[in-house]
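Next, two complexes with subunit A in common: one pairs it with subunit B, the other with subunit C.
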Partner chain A sequence: MSVDAVLELEWARLRADLVAAGVVVDLGAPGLYAQGPDFVRAYRAFDALLERTFACLDAEVWQFPAVEARPLFERTDYVASFPQLTAALVAFTGGNPEHAELIRVRSDGGRWEELLEPAGVLMSPAACHQLYGVLAGTRLERSRVFDLHGACYRHEPSPDPLRMQAFHQHEYPYVGDAAGALAHRDDAGARMHDLLLGLGLAVDYQVANDPFFGRVGRVLARNQLSAAAKYELTCPVFGADQPPVALGSANYHGTHFATEFSITGPDGEPAHSSCVGLGMERVVLALFAGHGMATADWPDAVRSRLWRGPGERA
Partner chain B sequence: MSVDAVLELEWARLRADLVAAGVVVDLGAPGLYAQGPDFVRAYRAFDALLERTFACLDAEVWQFPAVEARPLFERTDYVASFPQLTAALVAFTGGNPEHAELIRVRSDGGRWEELLEPAGVLMSPAACHQLYGVLAGTRLERSRVFDLHGACYRHEPSPDPLRMQAFHQHEYPYVGDAAGALAHRDDAGARMHDLLLGLGLAVDYQVANDPFFGRVGRVLARNQLSAAAKYELTCPVFGADQPPVALGSANYHGTHFATEFSITGPDGEPAHSSCVGLGMERVVLALFAGHGMATADWPDAVRSRLWRGPGERA
Partner chain C sequence: MTDHADGDLAAIREALEKFGRLNRPLPEIADDDDLFAAGFTSHATVNVMLAIEDALAIEFPDELLNRTTFASITALANAAAQSRGSR
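And then the complex of A and B:
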């Protein structure tokens, strides 16, 4: 059996276990799941632990919509690097005759979405994107750290239960000077690594390799690897013989976002930024995959960090 | 000045106050806002109070994605009644040549979204929609109450700061028999009403009037009014002379969802459902509109319910 076929069996097995235990329910498209009570309990406990762990940052807490206005999305250049993950919204803009036509196409079983028009709104692929929109055109008086927990969407329907189309990131971006940005990436990255290790996840901290698109993308990917700007927290969810799964990342952007969004530091020069964050559903699924479908049977050390004991006071 | 013009001035005034105080930041499209630290603090405090208030329901907590798979969306018939609020996702499905074409259209300032294909996924307009997908085809052994807090999207770009395109609902649906569904709607509706009154919001509880679309919609709206199936919690956010704003609703569906999704009760007959829920951002904005932009200056009775005191022990 090929390596890919073995991995696909592993995906199917984990998915079947999760569904059989009611941890998730399939919602009728690859990568869209309802999260049941046990999932939500673990999600919220982990999120609270994360917030306690990073309380020391005294970060500004912001919330952003799950969608981005088109001008802001365009400034991130996301569609140039990741067209295959990009999704835009289309909406109905007609009157009664167009509605009648839509209903007719629909009752014939047709794709009535094709009658809709671009809505000027795109799905947000990363929780921190819109932060740069908020800071656009400003001169910072000091470095700032943010706490962002938001809904993300990437169009990658997959039988891999850890690759959801819709998911949440909890991220801690820093905007300030170069030394501060690198120190934040490395300090918060190490803290995140320790947090995951403490939950019994055999997480590695390694240079990242993003799925940039196409021929140009291979160049971008090589540059990313050689610059060692981004690290990933990877977990061997499907065993040591299979590719590990990225649960999160620690990423130094240099002046990439600040230049595009005209964000300067106290000296008037483009600010530097970095971001440390996790895919929340991936961490929760890694816990279920690693410790079993019944949270009551998870190791005491894990349960005590999540639900009681030292974690509560950390 | 016409009534509409006065209302538009009220919208502009509240929006300007919110932005000037940093409560929200405009993200570049009508109805899309970043929520700043004060907004988030109020949002989370209110959400915690809501959860304490409804802890007595012992509800099952579920989480759903911000998007719905097409087959599930179709079963709700939402697009027939509310085409003007519906949004679908389109995504890139091409290879290198199509990507090159997209980049060319984009660099010419064109609408590259028109090159994308329907993704089989639609924006979820209500937090409880996907619950019916989870329960589809099941026979309930007993009545069940759920706690759902999720992201919603409706395509209604508006200068009214309370009419966001992207927002969150926190809902408590009931599925069981007719008497239980009506009792849940009325009991939880009254409790929700008291909760909002206790926060200094002059909320009314009145028969709802949904914006069904077009000519057929006027019939649906009349039927809804005469059946008195749905009540709304409305607040005179823009003054007693202006139309009040719906902050939430208490809705009895009869067997509408259960019939469509083949959900039956212990007796094998279609189940009855009801749902009581709030638009979270609307409640938070009503608090800022009513009590001012500085949470430190909100009335003590409101602050003590949200941040300390009796609420904490309720």
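And then the complex of A and C:
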């Protein structure tokens, strides 16, 4: 059996276990799941633990819409680097004749979505994108750290239960100078690593590259690797013989976002940014995969970290 | 390799002019100057690479898709010559 076929069997097994236990319910498209009560219990407990762990950062908490305005999306360069993950919204903008056409196409079983027009908004692929929109054109008098927990969408339908199309990131971005950005990435990355190890997840912290698209993407991926700009927190969810799954990452962006969004430091030069963040559903699924399909059966050491006092027990 | 076709150098300079987003005027940049020191970014290399490939009807081979290839105008001209030779 090929390596890929073995991995696909592992995906199918975990997906079947999760569905059988009611942890998630398949919503009819690859990577779209309803999350049941035990999933939500674990998600909320882990999120609370994450916030306690990073309370020391005294970060500014912001919330953003799940969709991004097109001009902001453009400034991130995302579609040039990741066209395969990009998703734009379309909307009905017609009148009565177009409505009649839509009804006709739909009743014929046709693709009525093709009659819709680009709506000028795109699904947000990363929780921190819109932060740069907030900071655009500003001059920072001091470094700032943020706490962002938001919905993301990436078009990557997959039978891998850990690769969802719609998910949440909880991120801690830093914007300031180069030394501060690197120190934040390395300190918060190490703290995140310890947090996951403490939950019984055999997580590694290793240099990685983003899945930049195509031939031109190879230049970006190789630059990122040789600069050691990105580290991933990877977990052997499907066993030591299978590729590990990235639960989160710690990234140094250099002046990429600051240059595109005209964000400068006190000296008037482009600011430097970095970000440490997790894919929240991935962490929760790694816990279920590692510790069993019911939070009540998880090891005491894990449960006591997630649910501290008697009043917080699941 | 030191002798580059004038057409190659002109096409490379034109691609950098249009897509390089450098922080110095291109005429001030010598063929051997470090482009990254002149504000060239990883993301800008993507557009420049596609423009050069298009103008010269070449395709950089996989092993040249790295930062060294984009370090200077001379390095790009060498890569263009090498791409032609590898076809």
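FYI, the second predicted complex is superposed on the first by the 308 of 314 C-alpha atoms of A that agree within 3 Å, B and C clash if a C-alpha of one lies under 4 Å from a C-alpha of the other, contacts with A are read in each partner's own complex, and residues count from 1 in each chain.
We take it that a residue touches a chain if its C-beta (ideal position, glycine included) is under 8 Å from a C-beta of that chain, and two chains touch if they have at least 3 such contacts.
On a predicted model such as this, the values are computed, not experimentally measured, just so you know.
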For A:His256, select first, second, both or neither according to whether it touches subunit B, subunit C, the two together, or no partner.
second
I'd like to know which partner A:Pro211 touches here: subunit B for first, subunit C for second, both or neither.
neither
With the two structures laid over each other on chain A, which partner does A:Pro159 touch: subunit B (first), subunit C (second), both, or neither?
neither
Just checking: does A:Val79 make contact with subunit B only, subunit C only, both, or neither of them? Give me first, second, both or neither.
first
Have a look at where A:Asn223 lands relative to subunit B and subunit C in the superposition and call it first, second, both or neither.
second
I'd like to know which partner A:Gln130 touches here: subunit B for first, subunit C for second, both or neither.
first
Applying the touch criterion given at the start, work out whether A:Pro266 contacts subunit B, subunit C, both or neither, answering first, second, both or neither.
neither
Would you sort A:Arg111 into first (subunit B), second (subunit C), both or neither based on which partner it touches?
first
For subunit A, which side has the bigger count of touched residues, subunit B or subunit C?
B
Mind sorting out which residues of subunit A both subunit B and subunit C touch, each in its own complex?
80, 215
Partner subunit A, residues of subunit B touching it in the complex
25, 27-29, 32-37, 39-41, 43, 60-72, 74, 79-80, 83-84, 86-92, 94-96, 99, 102-103, 106, 111-114, 116, 118-123, 130-131, 133-134, 151, 153, 155, 157, 164-167, 213-215
Contacts from subunit A onto subunit C in the complex sit at residues 77, 80-81, 215-220, 222-224, 226, 256, 259
For a test of understanding, state which residues of subunit C touch subunit A in their complex under the given definition.
41-43, 45-47, 49-50, 62, 65-67, 69-70
